[in-house]
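There are two complexes below, and they share chain A, which is joined by chain B in the first and by chain C in the second.
And now, the complex of A and B:
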């Protein structure tokens, strides 16, 4: 039962976040904006369309969206909602989660290169570099959780029950902040990437999918929502763990945390110059290492 | 007895290979290798699963006292890997060498095959020898055999240079090993590995261990002794690179594991573990960053071997550290990970080199930017190469993931239990970065070769290679898929070895690793089923809709051409701009300037060289050259001079013995 509820909540989060982002942007810009479910309608249209494939591409291009979405689904099945239980859970599933998403990244990079387009190559090269640089941040983030909670699987980490503890709260809030930052990078949002830009030269994720249409594009969108939901749920779980809150706290938090923060950042901030992105991402990794170190010192009960 | 039978074996083998007709040589070599592999595999399987340590024969050696050939689980694991890779390599060589059969003389081909069989045999000897003279003998035989193999295309200048560099570096390593064994002999009266325990117990652990680490590290390609790898692999024929990179460098890993085993003192083990971990981190990062910036397929693969050795050492280092602090579970997990990664790497790396061989034999180049769109012309190669690429990126559902998963798990467990936290976190950080950059390097490799549009007319003229080569490539592929999909059973191959290292490893394996691997296996199957279902859903849905073909979307630009697509160089440009201090770039030609509105024809070629290479072009190399030249004056080519030298030598010996100096 808990597993079914958990899965449904993840799906709900995945669906709700893009809606919240769109609404936030609209409200902040003083526009009427698109309805909350517009992104669902868009994907629904895509799923019913035919497709055009480039003559340059091979079979890899056609199977790539299935692998991309499949990997995102399996990754999402590993994420618990607060103290609920996910379908897939074992010791060390944090690693499996990171590498399943890496599979998704590899396949979409290859698919982009398969078209032989210079624009898509550009996006693929950037995605490969940023993906490589964000990986340490992700792993050290998980290591911080493992260090403080004493477990290596998401379900055990977030099930961790304890009365209020200042050290735990500090580390968990910092980790949540880290994962929100990682969400920005992994789901291709401002300031790293701007899904709404109109110029292919400055895109990252969008430019990789230029040649996809119809069902393929729909699958890629859904996978993107799931990925965003995974990371924001991890961040929300970290916050929830500070006070033993349950799923009714974590789910809205995950939706609002990412929805509002992405919406606000996208309304108020311009995206980075591409050359600054590397610095931005390496800074996140450095931040992750710093948080780990703080966690280590607190764990040793050294007063800082 | 042993040396006589070895000599007999070599003579018979050489005679058989030289006497058979040209087209049959490969089959003779194949038969010899299969025979070797099978006869070695039987005791190996017994040792690995039955836990029986078997002594095959006693050897009385001229120098270090008595030695033996024996198989324990650690040797057995390597014997199996060598056997599988050896058989696959032989099978592959036929197709690869086919067009050389008309160019090269029969003697040349015979020599090549003799060296190939000797390489396999000597690698097996290396891992089953108990140490001392027979070990050094086999080690040297291995070096010479591989040297001859690299020399296959000796008329090319760079092949000659690479082979010589290899020979020199291997002999520096050899001298270190001789020194190592001599010090064992001096301390214990025998040169066996087992006597290391005596040496290590009398407080000289570190110097002796470092001696062996350097000697074996030379073969394994530890930083900064890795410089021979990226030179030798592009120079050697592809099947030779496959066996050298897949298996031969692992004998270095074997040697270090064997040495590590005897370090008993916990405090010293801690230091040794730290050294290994640090060496692994530096080697891994250096290897992967240089791999990502290479523009030659085989150089890229060679650097990636260096990186994988780094990953293996990270695992071994974590394991040793954990063992030193008495954390048995972590030690076992990390050791299993490192061992499994050793096995895994031998499969996917040989597959990748076979793939590169297919490309080379069709297009006569390994430069990335000459390819493009090969998948359409060589579909089988493309599929097999794809599998190897996914495996080496350590992605589920293939075997690379299982090995790295265990290493990661070891580090995370170490962190969560709060022992060696900072070291484990360092390893984790490095491994995560390595994992990320490997993705960059191999998506670059795969996409520039197999995907996109052809950049060269040779691609359009290429066709799929013969079935025998595909069959040879299927051997490692099967292992890759089996280990990836059924890790809970595959872990049994390293169980015996882990048990040998850590006595109660079995309980950790049964209670912790295997249940976890069951779940991973289920996850992996779930991944595959979900992907299949999604694909079938999409395929069905598209049947009733209009699915058309068109040119790639050029973003409104209609005059796109093939030369505009991303090249390997441009793909890794971002990383290069970060890692610019690690490489030394040589640029030929001139890039198109920003002010050139109508650019004229430009030639532009950039090479990213290893900064460590510079060490070997330093002043002391010049000095060596000068000394060499002086000494070479003695080589007059006149027989009377040589007789004089011999006479002088005798006189010197006589005088020295007169004064009781020798």
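And now, the complex of A and C:
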């Protein structure tokens, strides 16, 4: 029962975040905005359509969206919602989670290269670079959690005996902040990427999907939502672990944390110059290293 | 070297009075003069006259506020190569390329001898878009990116060929000419003045008022008619409204391109107010139907003046807030400052005009250098200038000019009492064997129309120069050594016209 509820809540989070982002942006822009479920309607239309393929592409291009979505689903099934249990859980699943998503990234990069388009090649190069740069942040973030709790599975980490503890609170809140930042990069939002831009030369994620249409495009969208939901839920779990470790707290928190922060940043801030993205992402890794050392020192029980 | 010297309000001359010189003299003279930034060429074109090919040169002197006209001729079938002026002064390149394309005139040591716009009456029918000689660089680490030939947003054709080293642009070549419409020929195919006016409004849709005013002034000069004070004021108000609308739209577009939502939505709303004001005045949001030779069908009324003043005051206040917001946003400044630099010297060399040139510190503004309409006696125009020549300067040019235009409109309308304005005149015959020049500062820059009439007073040659013609090269220079992902904001900061180039 807990596993079913867990899975449903992850799906709910994935569906709700884009809606909240759109609503936040609309409110801040003083617009009426699109309905909350507009993104679902769009994907619904896409899923009912066939796909058109460029003659230069091979089978790799056609299977890539399925692998991309598959990887995202598997990754999402590893994420617990606070006190609930995920479907897939084993020792070391944090590593498996990270590299399942890396598989998704690799397959979409290869598909982009497969088209032979100069735009998509540039997008693939950017995605590969930023993917490589964000990986240390992700791994050090997981290492911090593992170090502090002594487990290498999400379910165990967040299940770690909860008692109000100042050290735990500090590390968990910092980790939550780290994962919110990682969410921005991984889901390709401002200031790293701009999902709404129409300018191929500036795109990162979108440009790799230029040749996709119909059902393939729909699958890529859904995978993107799931990825965002995963990272958002990890951040929310970390916050929930500091006090109120319940699914009814973690779920709305995951939705609002990402939904509002992305919505607000996208309304009030311009995007980075592309060459500054590298600095931005490396800074996240540096932040992760810092949090790791703080966690390590606190673990040693040094009085501060 | 002899020139016929005149000024903008009286720029009509009998063709017989234009001095005809030797090319060598013209070459030597331009070699000297164009090195001085006070001079630039407004137009330089050729046309067949009997069995001669006659070249006309319109040179502008910004300091003395004069227009200088000269000409030379060669035998139509002469195959002597003329020494190229482009080699010395790159600002001549579009003119020489056009002449070479149309009449097979050879320019010796011309460094960039490429087709300009593939007109239907080009000499070399084998030259087409498909075999456009793109510049190439060989190298293991280089890659080419082709953008276009259809712009994904505005659906106008133009190909941009980038040569990149990773993310950095080494070279950008802009190939236009996909949609040559024969606009200049169309002007001569009809003697119906109203048709010609409508045509002038369609030269470039975003500059409908500017081109229509330029056309009307050119025709009025050919008629020998003078326009009354009130008509001049109303035309100036229309021009400044167009400038405001387009500058605000560009501010919004630049904000969109860097994903800055607040600036985008604010500017979209403000632009709508401005173009709706134009619509309330004349029934068309872009001012089509407003400008007619010698008069207008849509004179201002007291109620319309009140509406314009109210809206312009409101837009000015709200836009000023957007401007302050942009100037104080670090994320915006990080994107726009020091991006897409075009130094002043470079801008002058390529003959840049309008806001792009003023952003680099050049003082090219027809309103100040060759005043027309209400700028002659009602407004003492001080051209806004920036110094850095980056995207931020071009954006701030727009910000300042919007406020300035709003002030001009309010100033002109403050003590304006609507009076009887004459109806448009489509019938008065033009004076025969004349050449007239119309010069107007559109929102993008200097617009120059040149009309020549035949013995019977029909327009026999009509030449249009849109500011985009020279400024496209400025864009290519701006993106050199920039990241390719910064091309879109550079492109928007110039916002040049495809159809204005292709004519």
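In this text, the second predicted complex is superposed on the first by the 302 of 304 C-alpha atoms of A that agree within 3 Å, B and C clash if a C-alpha of one lies under 4 Å from a C-alpha of the other, contacts with A are read in each partner's own complex, and residues count from 1 in each chain.
In this section, a residue touches a chain if its C-beta (ideal position, glycine included) is under 8 Å from a C-beta of that chain, and two chains touch if they have at least 3 such contacts.
What you see is a predicted model; the values in this text were computed from it and never measured.
S.K.: Look at A:147 in the shared chain and tell me whether it touches chain B only, chain C only, both, or neither; answer first, second, both or neither.
M.R.: first
S.K.: Once chain A of both complexes is superposed, is A:252 in touch with chain B (first), chain C (second), both, or neither?
M.R.: Neither: A:252 stays clear of chain B and chain C.
S.K.: Determine, under the contact definition given at the top, whether A:243 touches first (chain B), second (chain C), both, or neither.
M.R.: A:243 contacts neither chain B nor chain C.
S.K.: Of the two partners chain B and chain C, indicate the one touching more residues belonging to chain A.
M.R.: Partner with more touched residues of chain A: B.
S.K.: Classify the contacts of A:119 with the two partner chains as first (chain B alone), second (chain C alone), both, or neither.
M.R.: In the superposition, A:119 contacts both chain B and chain C.
S.K.: Regarding the shared-chain residue A:200, is it in contact with chain B (first), chain C (second), both, or neither?
M.R.: Both partners.
S.K.: May I ask you to decide whether A:31 touches chain B, chain C, both, or neither, giving the answer as first, second, both or neither?
M.R.: second
S.K.: Of the two partner chains, chain B (first) and chain C (second), which one does A:74 touch, if any: first, second, both, or neither?
M.R.: first
S.K.: Chain A residues touched by both chain B and chain C?
M.R.: 118-119, 121-122, 125, 200
S.K.: Can you check the complex and tell me which residues of chain B touch chain A?
M.R.: 372-373, 375-376, 382, 386, 390, 393-396, 401, 404-405, 408-409, 411-413, 415-418, 421-422, 425, 428-429, 431-433, 435-437, 439-440, 442-444, 446-448, 450-453, 512, 515-516, 519-520, 522-523, 526-527, 530-532, 534-535, 538, 541-542, 545-555, 560, 562, 564-566, 570-575, 577-578
S.K.: Where on chain C is chain A touching in the complex?
M.R.: Residues in contact with chain A: 143-147, 152-153, 166-167, 255, 257-262, 265, 329, 331-332, 334-335, 339, 483-488.
S.K.: State the interface residues of chain A toward chain C in the complex, per the touch definition above.
M.R.: Touch list, chain A to chain C: 25, 28-31, 118-119, 121-122, 125, 190-191, 194, 196-202, 266-276.
S.K.: Under the touch definition given earlier, write down the residues of chain A that touch chain B in their complex.
M.R.: My answer: residues 47, 49-58, 60, 63, 65-67, 69-71, 73-74, 77, 88-92, 94-96, 98-100, 102-103, 105-106, 109-110, 113-122, 124-126, 128-129, 131-136, 138-140, 142-143, 146-147, 149-152, 200, 210-211, 214-216, 219, 278, 289, 292, 296, 299.
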